[in-house]
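Quick one: the structure is below, and I'll ask about it shortly.
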């Protein structure tokens, strides 16, 4: 039972990292219809930038900020140079961004070498929180905190702000929204950049838990797309739900049935496709 | 491009010339080059099989390696674990296995790719197909006793054709050539048949097709299986070609090759992926000689450059050039 | 005589919104029935229910006394129902002839034939020639559809709907976006259809309605407000108020 609680926290923190990773992916394709399959590779790039900052300057917070900033710049370039002209051409977007993820992964390998990096838990968050006989690593509690904060922020933007209203309107009818004189282009660009920058935050936060190696992007993009399909697109709460389901199932699976754990996510994914293709929370596709 | 009536000169002649060329080529080139050409033919078939559903039916499947790998693994398992030594029997059984896997995966895949009352959502289909290949490759890792786990299968012998002669890699070239020719013939008939034109109609306007009396789901589902089976042929040939199989043969990296071939070759020409395969295998070989560490970078840039600067693909270019040439000659 | 097509208390709800409520009507064999009403009245929704693209929330649809409420779109086509689309719905990357061929084989068994060349099927080629000649499109057979002028695309639109040799033809604003001359041609075309074909059409174009229809139904807020012959409709004050009024008040809201 006690062990289950600790595993639960591990699962939760993993779920929040998945959420931060998938939120950007989900935002860009659920909201803007842009499929960015290089999201995983960009995540890895951001993580390496962050680790480099920690290595050379040893400021954890600065690492998060610079990693997010670096990805924001890359995201901006990606959007303006490549993706913008591929509006509404999803297969082409997919092909282009898959190619880009090879490029990015190889560049990361080129700069930082093939060895897995060891990321230390920042000192301020070392140690464990003891409640009775249980001990919870503080760092994981911290990740959950950050995840909740971002979730709250995104939810607030989605439901309470003008931006959110524009985005929702754009989801229903892009032409109409544009014709209303709203600067949809600006809002959607910012959303795209925000989504990618979040991946940078997730990368630095998750590094001590996930481990870091150049080719991890493939795995991460798969996880994101499973999270997004399970949760449904277009709503931030859907992404959160998908991340919770996958994060918890994966963590508990690894803890109790390690041999079969890697299939659980896929089984859930297939079940969702069959039973509820629009995802748990998503907008109805049919 | 497809719409224009193909005269014998326009299609028949170049196909014949190239076929004869490929047939006599091994007499003049070193063995390692003919081995490269064998690979070009195998990958070309792989790309063309994907083009049936992508180019003709308009279904962008991103997990086509699932079927390439399924065919390859089925063949490998049959030879090494079951002891089926005859090439033809092996091919047949492997293709049946591939078709069954495609039939099973097709059910959830086309649940999410329907034109119904609501909008179709190709993104979901795309994501689902990516995950299928990944799922199969993980299965291949997990089922170690059968599939050899993450190290895969190795030591697949030269095929036994049951014709009473020893197979060599030089002769394998001709076997691949014959298989490719047969597959091309069948695929050509399919895409130009009643059924094939229905697929083109679905590509252009699925809703209208339903209104005209077509059960479009059935077309998409069956074309998915047909494409899978031809992908499986490529897979079986690949298994014998390299003699070694790894889980990545089922995974995204291999699917990525297939749709690079389709996009680079162009989705609007029948032979495009075969042309792209020549370029792809050539570049891959050169990279392995001079820049082995940067190969993923080059591979990635091939995608990017194709989409940004050559969205029509090589096939269209060549076709246009060729048409101009013969028109010029006729005038 | 039993009606060819009949709806019984058909209702469609989108969320809390009633797009159609308790719509019941029938159409007799050989009749030309026009469905009019302001934008958002539920005409296209009704069409989608009749063709099977949309399942009604309540009520039934009968075709030749068979309950087809749950039949699929393509099954209805095989029973003898065909439709055209308001927004031109063709195969833009194919030639005119291929469009005709695809449309013609839709109700033939050989549409599944995976090995026989469509282009070498003499019977189909002849059928395509006949269909295209009847609509004055044969000379354009090798033109790619996306390059055709809009008026010609509309003609092809109707030609494709007739390819399955339907008993009941559903036309969704056949003259939508056409010039006066062009819509006059469409009017003639519909008039020329034999009495074996029953026609139900949605139309905004009053010349078309009054030129063709035997009977007119006015739909408003998802309900049948009134029905009658052209003369009755022309004289009806209600029609003048809600339909003509809104028509002359300027463009309506965007249609779904």
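When the chains are written out, they are named A, B and C in that same order, and each has its own residue count from 1.
As a working rule, contacts are C-beta pairs under 8 Å (C-beta built on N, C-alpha and C of every residue); 3 or more make two chains touch, one makes a residue touch a chain.
Nothing here was measured: the structure is a model prediction, and the numbers come from that model.
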By the document's touch definition, which label belongs to this structure's chain graph: line, ring, star, complete, or other? line
Taking each chain's C-alpha mean as its centre, the one farthest from subunit A: C
So, in whole Å, the Cα centroid of subunit A is separated from that of subunit B by 33
Approximately how many whole Å separate the CA-defined centres of subunit A and subunit C? 47
Whole-Å distance, C-alpha centre of subunit B to that of subunit C, is 41
Where does subunit B touch two or more other chains at once, residue-wise? 116-117
In the complex formed with subunit C, which residues of subunit B make contact? 3-5, 116-117, 189-190, 192-198, 200-201, 203-205, 207-216, 226
In their complex, what parts of subunit C are in touch with subunit B? 48, 51, 53-55, 72-74, 77-78, 82-83, 85, 89-95, 98, 101-103, 105-107, 110-119, 121, 142, 144, 160-161, 163-164
Subunit A contact footprint on subunit B (complex, rising order): 54, 60, 62, 107-109, 111-112, 114, 116-119, 121-124, 126-128, 130-131, 134-135, 138-139, 142, 252, 256, 259-260, 263, 293-294, 296-297, 299-304, 306-308, 311
Which positions of subunit A touch subunit B when the two form their complex? 29, 33, 35, 82, 86, 90-92, 94-96, 98-107, 109-110, 218, 222, 225-226, 228-229, 233, 259-260, 262-263, 266, 269-270, 273-274, 277, 284-286
